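So, here come the structures, one by one.
Both complexes below contain chain A, partnered by chain B and then by chain C.
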Partner chain A sequence: MARRLLPLLLCLGALLLPARECLAELVVIANAKSGVERLGREEVVNIFLGRFRQLPSGMTALPADLPAGSAEKEAFYRLLVNKDLADINAYWARLVFSGRTSPPRQMRGEADLLRFVSETPGAVGYLERAHLDSRVRVVFEFSAER
Partner chain B sequence: MTINFPAIVKRGAAAARRDALQTRCRRFSSRSFLGFLCLGAALSAMPALAEEIAEPLVSGLSLRGFGTLGMARSSTDQAEYIRDLTQPGGLNRSWSAKVDTVAGVQANYQIRDDLEAVVQAVSRYRYDGSFRPELTWAFLKFDPNPQLSLRLGRVGTEFYMLADSRMVGYSYLPIRPPVDYFGSLPISYVDGGDVVAAAPFASGLLRGKLYGGLMREQTPISYESFDLGGSLVAGGHVDYQQGAWLWRVGYAQLRFKGELPAPVSDLRSGLAASGIPQAQAVADALSVDGKLARFYSAGISYDQGPLQVQLMASRTKYDTAAYQDSRSAYVIAGYRLGDLTPFVGRSYSHSTAKPLSAGPLMAALQPEIDSLSAATGTDQFTSFVGVRWDFRRDMALKAQVDFVRGSADSRYLVRWRQADYDGRMNVFSLALDFIF
Partner chain C sequence: MKTLPLGKGHSILYIAAVAVVSSAIGVGLIFIGITAWVTHERAQQQTSQRLGELLGTVESTASIACFVEDQALARELARGLLKNSEALAVVIRSNSGELASARRSGVGEIALARAAEARIRRPIVSPFNSALTVGEILLDPDPEAVERTVIEEVRFIGILLWLLLAALVSVIAFVMLRQIVRPIQGLSLQLHRMDAAAGDRLAIGRVDPGAELGGLVADVNALADQLVASLDDERKLRIQREFDEKKYRAIFDNAETGIFIARRDGVVESRNPALARLFELPAYLSVDSAGISLLTLPWQQPSSLPELLARCVDENLTLAADLEFLHGDGNTRWLNVVLSPIGDERVQGVVSNVTERRQAEDSARHQAVTDPLTGIANRPGLEQQLQAEMQHCTSGSENGFAFLLIDLDGFKRINDALGLPVGDSILKAASSRILSCLKDSDIVARMGGDEFAAILPRIDDEALAASVGERIVRALRRSYDGHGTPIQLGASIGITLFPGDGADLPTLLRNAELALDRAKASGGGRFSFFDPAMAETAERRRTLETDMQLALRRNEFKLFLQPVVDLSGKRVVGAEALIRWQHHEKGLIVPDAFIPLAEETGLIVDIGLWCLEEACLRLAEWQREGRDLYLSLNISARQIPEGLPPAVVLDAVRRHGVDASRLVLEITEGVLLADVGRSQSWLRELRESGFRIYLDDFGTGYSSLSYLKRFPVDTVKIDKSFIRDLNRNENDRALVEAIIAMARSLRLQVVAEGVEDAEQLAQLRQMGCNYIQGYHFSMPVCSADFAAAAESIARSFLPENA
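For the complex of A and B:
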């Protein structure tokens, strides 16, 4: 319990700080059979923004998003491209309604995302490090970059 | 010798048609204003729409939509401001919803992992003055691997960067794509197909697209409409994306099928009937059937965090004297501050006249020829400033003012220009954009 509460308290405490500081603990995860050890930031951007969805191993990447209202989703795009969710929505409106690319599939929550990533070979998702489990592999850490 | 030419002088019938069109438009504007208020109220009473559609009725099927409720007016009654050349009339000094109001629905059906069917219908103010919905997309998309994507059916065209999302107000900052740049494109889709290839290159991503197909759309010309159906379109572009930067160069061409309607057709037959070689040459020069229009374009976009900047430039050349060759460009910059994104921009459109002379024997027709070749003339700058307010998820309110500053000869991008229009007007616009 305490282990779960700690990051939450840290985040709450950090609310006054910019979001960047607060969610340094978000990590990008992939399926253990994806054949991928590490992704670069630009590769993560390409996968989640639908520009180029191929993992370095050659497998097709299947990105998964947390629900629209979640703080983690907001923080993820803030950390990744420094964009508001409204900007991300506008971006997807352009791609979806020009019939080009679909946004990442939307999960119901972190448990759902973990299940999807662990069961789907090309899946890529993100969540708080505290919620990781052994079924998935961390392929990108925002904190490690700085 | 003077030639009388019955067909050109159809002013009576034409004026009646124009009046009918305008009445229809006026009727629409008052009704739509009420509609605007009602829909606005209904939308803001609704919970965020996206949450409701988490579970599709049929697996693999998703239904989405977009729309804009716009209200705008200009500062003059001497010419009507239009969003693009597909609109038969536009704004004057009374508030009207017709130029910017759009509604679209789209269904995506994932048939297999690599195969998707997409259908989209859009209702907007169109060439015949109605809002009759049109099937804008209907295609099968096949993605054999992440590098390649093929689409077959009715697909959107990208003569210019972002041209295939012009109807989706929610997807961009200003109320409408800059008219000086996008306004002269009469084409949204073709029946054909396209192929996109992408590959990582250096530290960025290199993409190329080729498309082609037959046009199915019409565009209003004076009192008639020009059916571009069957005109063959082909084009492509290459872009390179690296970090916040996107660079693109593109080319597209359109081979006209069919001739322009009255008054051009009447003038051409009058000239040809004279039997005078010089007049025949003018008639031939005004022919469009089989002639090419070529569109060259380049664009740069910079998108970093709260800052967005776009710069695009294009050049259009016609192998016919019925259209003036033109250049256009625009720049827009916006900066997000919380829920508000103020933006500012400037656009430009300038054309080169192609003078034609039918000779002294046809002097009586020369004014008609001159007015025809002047009809596609444009020479104007537009400065615009506005703000987008993302007041709730999937909705944005926008306000914008455009300052159009042109010469009196700048007439291609306005409709129903009166003789004393001086090429200058201001346009005041409000819009509510939404997606669901």
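For the complex of A and C:
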């Protein structure tokens, strides 16, 4: 019982934290021509953490990160895999060693990211819903999962 | 328990060492086995644990490698794991297939297969989702690494154990050698040298006095003490025994009694010198010489001793017997032999010469059955002989025998008159005369007094017995020499024949007695055979006797009264009391039928007292009625003087208040004959007390006039036998006349008895006899009828009747 309860509480804590800090909602976006309408959470994880190199439509996936130190990036990974950025960086550090997989390309900011996603067919990124525009398509919403 | 001599067997030390070493090896091996197994298990566990921990350190990297299926990373990881010496092969798999595999180079397939058995499988989860398995690591540990550990461990333990064992054995050996083996060797050596009798004892030495060996030393010393003490006692006993032996040997050798030890077959094994003397053994036979058999000695009855020996041994009894031994001089000796069983089929015997005792006994036995006066058998002797003879007949060797009882008639009278010496010489003569009439095989005995008896074996018919009886009667009838004066005696003989006249001793004796009585009763000087009628008579007499005793109690006797009439006074002056017996079955019995028997048996005394009592009652009654009558009582010779003492008579009359002069006591001449002096004083005493004495039946006996002078009597009664023939017999009449005349001159009254008719009465009256008793006046009547009878008599004197 305790074992089951513990992750549940952790989850609840994790959910409450961004809800308070990030009133602005984070969404995952993709190029409109990517051929992808919706993505599952697992799919988002696999794409952003290097496991899948292709989108479900068969297009090569090009994940894009917000710059290091941005609150959105930290919130994104927290929401997605409940890890802080240090963890994520350590993760990538090991993979980079083998040279076969590389981490998402680093954007300069949300505008940069929006642009990259809207221009690059296989690109996938994330940003606040408030910064969203019509050039990109929302494929995953954290709020929708609630 | 078998003890091995030192040196040959295994020493305690060796045995202890072997036991300790072998048990230690056994235990060590088991211990090593257990250690190996436990170590193996633990090493394997530790290896698994260490490898598990190793896997833990690479888990996150493996997780990433599997998550992104990065073969390069996986390969790097596998190589890293193999760096651990305990890992033999590593495989890293993702969900879609093997990412990397590595194995230690130079390892055979067999080792790999063995390692695969202990394979550690670690599932790998996603770095981002712990619920998601993304692959696994398979790690095969190196078994040799485990074994190496085990071997090292076991070797270490083994070395420790062997060290321990060596130390243990050394210590035990040292302790045993010092505390047990050496002390025991020392004690053993001491014991070998020790002389317990000389007072040597085990020294405690280095042995701890409180420990077991100390106890053993103390025990051995105590045992030595005990043994020495026992030996001491034994020696003292032996000395005592030797002393005793010498003492008893002296007694044995010097005893007058023969002592021996013999076997059951009579062979003497040991004997003393006295025995040789008793048995007249040759002098050259030494005391210790064996082989003389008691049975070959000249015994009178050779079978007695073997029987005695056999019984003594077989029944384990001490037995004694007198045995007759034939002496060298031709005489016999009586030897008393006492045999006691001493076990082992042997007897101890004591022999003594008892010849003198036997002779004394024989003589005593002979005397016991012999009459000293005549030298013939006495009554006990006769009874013995009779018994023997009867036995003889019943056993069938003879048909029967005759038994005679012989009595000398009138011997008592002679003895009284002439004295004992004459009597004795007559008895001696009689016994030799009887003997001369008989065969040697006949037996003669003196039964006591003047009675003899004879047993005539094989004479079983009356004719033969009669001839012998006749012979004896004749022989005894010849006159005897009474110191110069010839003495005449007769003999009566009663003869019985066995077994017809009595099959047992008492019966035969009694019947002979009866036959003798018959012979005597028939006048003596004759023999008489027993016949059953005698026994019947005797039986009748016995019945009568019993009946008489009963009659007194049942009051069956009656006193009848016959009046005595005074002719001059013409009246009844008194009466004679006559006893009658009204038997409850047989009716009236006359006095003649029972008085003689009553006199014989002495019952007359009781009857006499009853009569006295009854007479006094009657007299008292008459006295009350004013009748002037006397009553006379017949007194038997047996009643005088003790049967009816004067004091008793006097007491009776006093009690009833009767005047003594009214009671008359009638006695016969016989009374006066029996014991002159005592009868005289009895008579005198009574007369002086006032009683009158009548002399009854006068004329029938000696009628000695001197008696009349010597005895103070008042009246004589002429016997009825003279009165009866008074009319017809001149002699009788002369006698009666003489008696009356004599009485008158002596101033005695005369009573005539049995006067039956008037003629007799007339004659008596004419002779001057005034007192008449008889049927002419009255029969004896019962007391109730007496008054009437007296009245009738008085009437007869009235003028019209006279």
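Everything below uses one rule, namely that the second predicted complex is superposed on the first by the 123 of 146 C-alpha atoms of A that agree within 3 Å, B and C clash if a C-alpha of one lies under 4 Å from a C-alpha of the other, contacts with A are read in each partner's own complex, and residues count from 1 in each chain.
We take it that a residue touches a chain if its C-beta (ideal position, glycine included) is under 8 Å from a C-beta of that chain, and two chains touch if they have at least 3 such contacts.
On a predicted model such as this, the values are computed, not experimentally measured, just so you know.
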{"item": "When chain B and chain C are modelled together on chain A, clash or fit", "value": "clash"}
{"item": "Partner chain in contact with A:K83 - chain B first, chain C second, else both or neither", "value": "both"}
{"item": "Partner chain(s) touched by A:F97 [first = chain B, second = chain C, both, neither]", "value": "both"}
{"item": "First, second, both or neither for A:E119, with chain B first and chain C second", "value": "neither"}
{"item": "Touched partner set for A:E37, first chain B, second chain C, both or neither", "value": "neither"}
{"item": "Touching partner for A:D133 - first (chain B), second (chain C), both, neither", "value": "neither"}
{"item": "First, second, both or neither for A:T60, with chain B first and chain C second", "value": "first"}
{"item": "Chain C versus chain B, contacts on chain A by residue", "value": "B"}
{"item": "Contacts of A:G50 with chain B and chain C, given as first, second, both or neither", "value": "second"}
{"item": "Clash with chain C (superposed arrangement) - responsible stretch of chain B out of 350-358, 386-394 or 422-430", "value": "350-358"}
{"item": "Chain B and chain C contact sites that coincide on chain A, given as residue numbers", "value": "51, 81-83, 91, 94, 97-100"}
{"item": "Parts of chain C lying in touch with chain A, wherever the complex brings them together", "value": "61, 64, 67-73, 76, 127-129"}
{"item": "Chain A-facing residues of chain B, complex", "value": "48, 50-51, 54, 64, 66, 104, 106, 108, 113, 116, 118, 120, 137, 139, 141, 145-147, 149, 151, 155-156, 162, 164-165, 167-168, 170-172, 196, 198-200, 203-205, 241, 243, 304-306, 336, 339, 390, 393-394, 396, 435"}
{"item": "Of chain A, residues touching chain C in the complex", "value": "45, 49-51, 81-83, 91, 94-95, 97-101"}
{"item": "Contact set on chain A toward chain B in their complex", "value": "42, 46, 51-54, 60-61, 68-69, 81-87, 89-91, 93-94, 96-100, 102, 106, 108"}
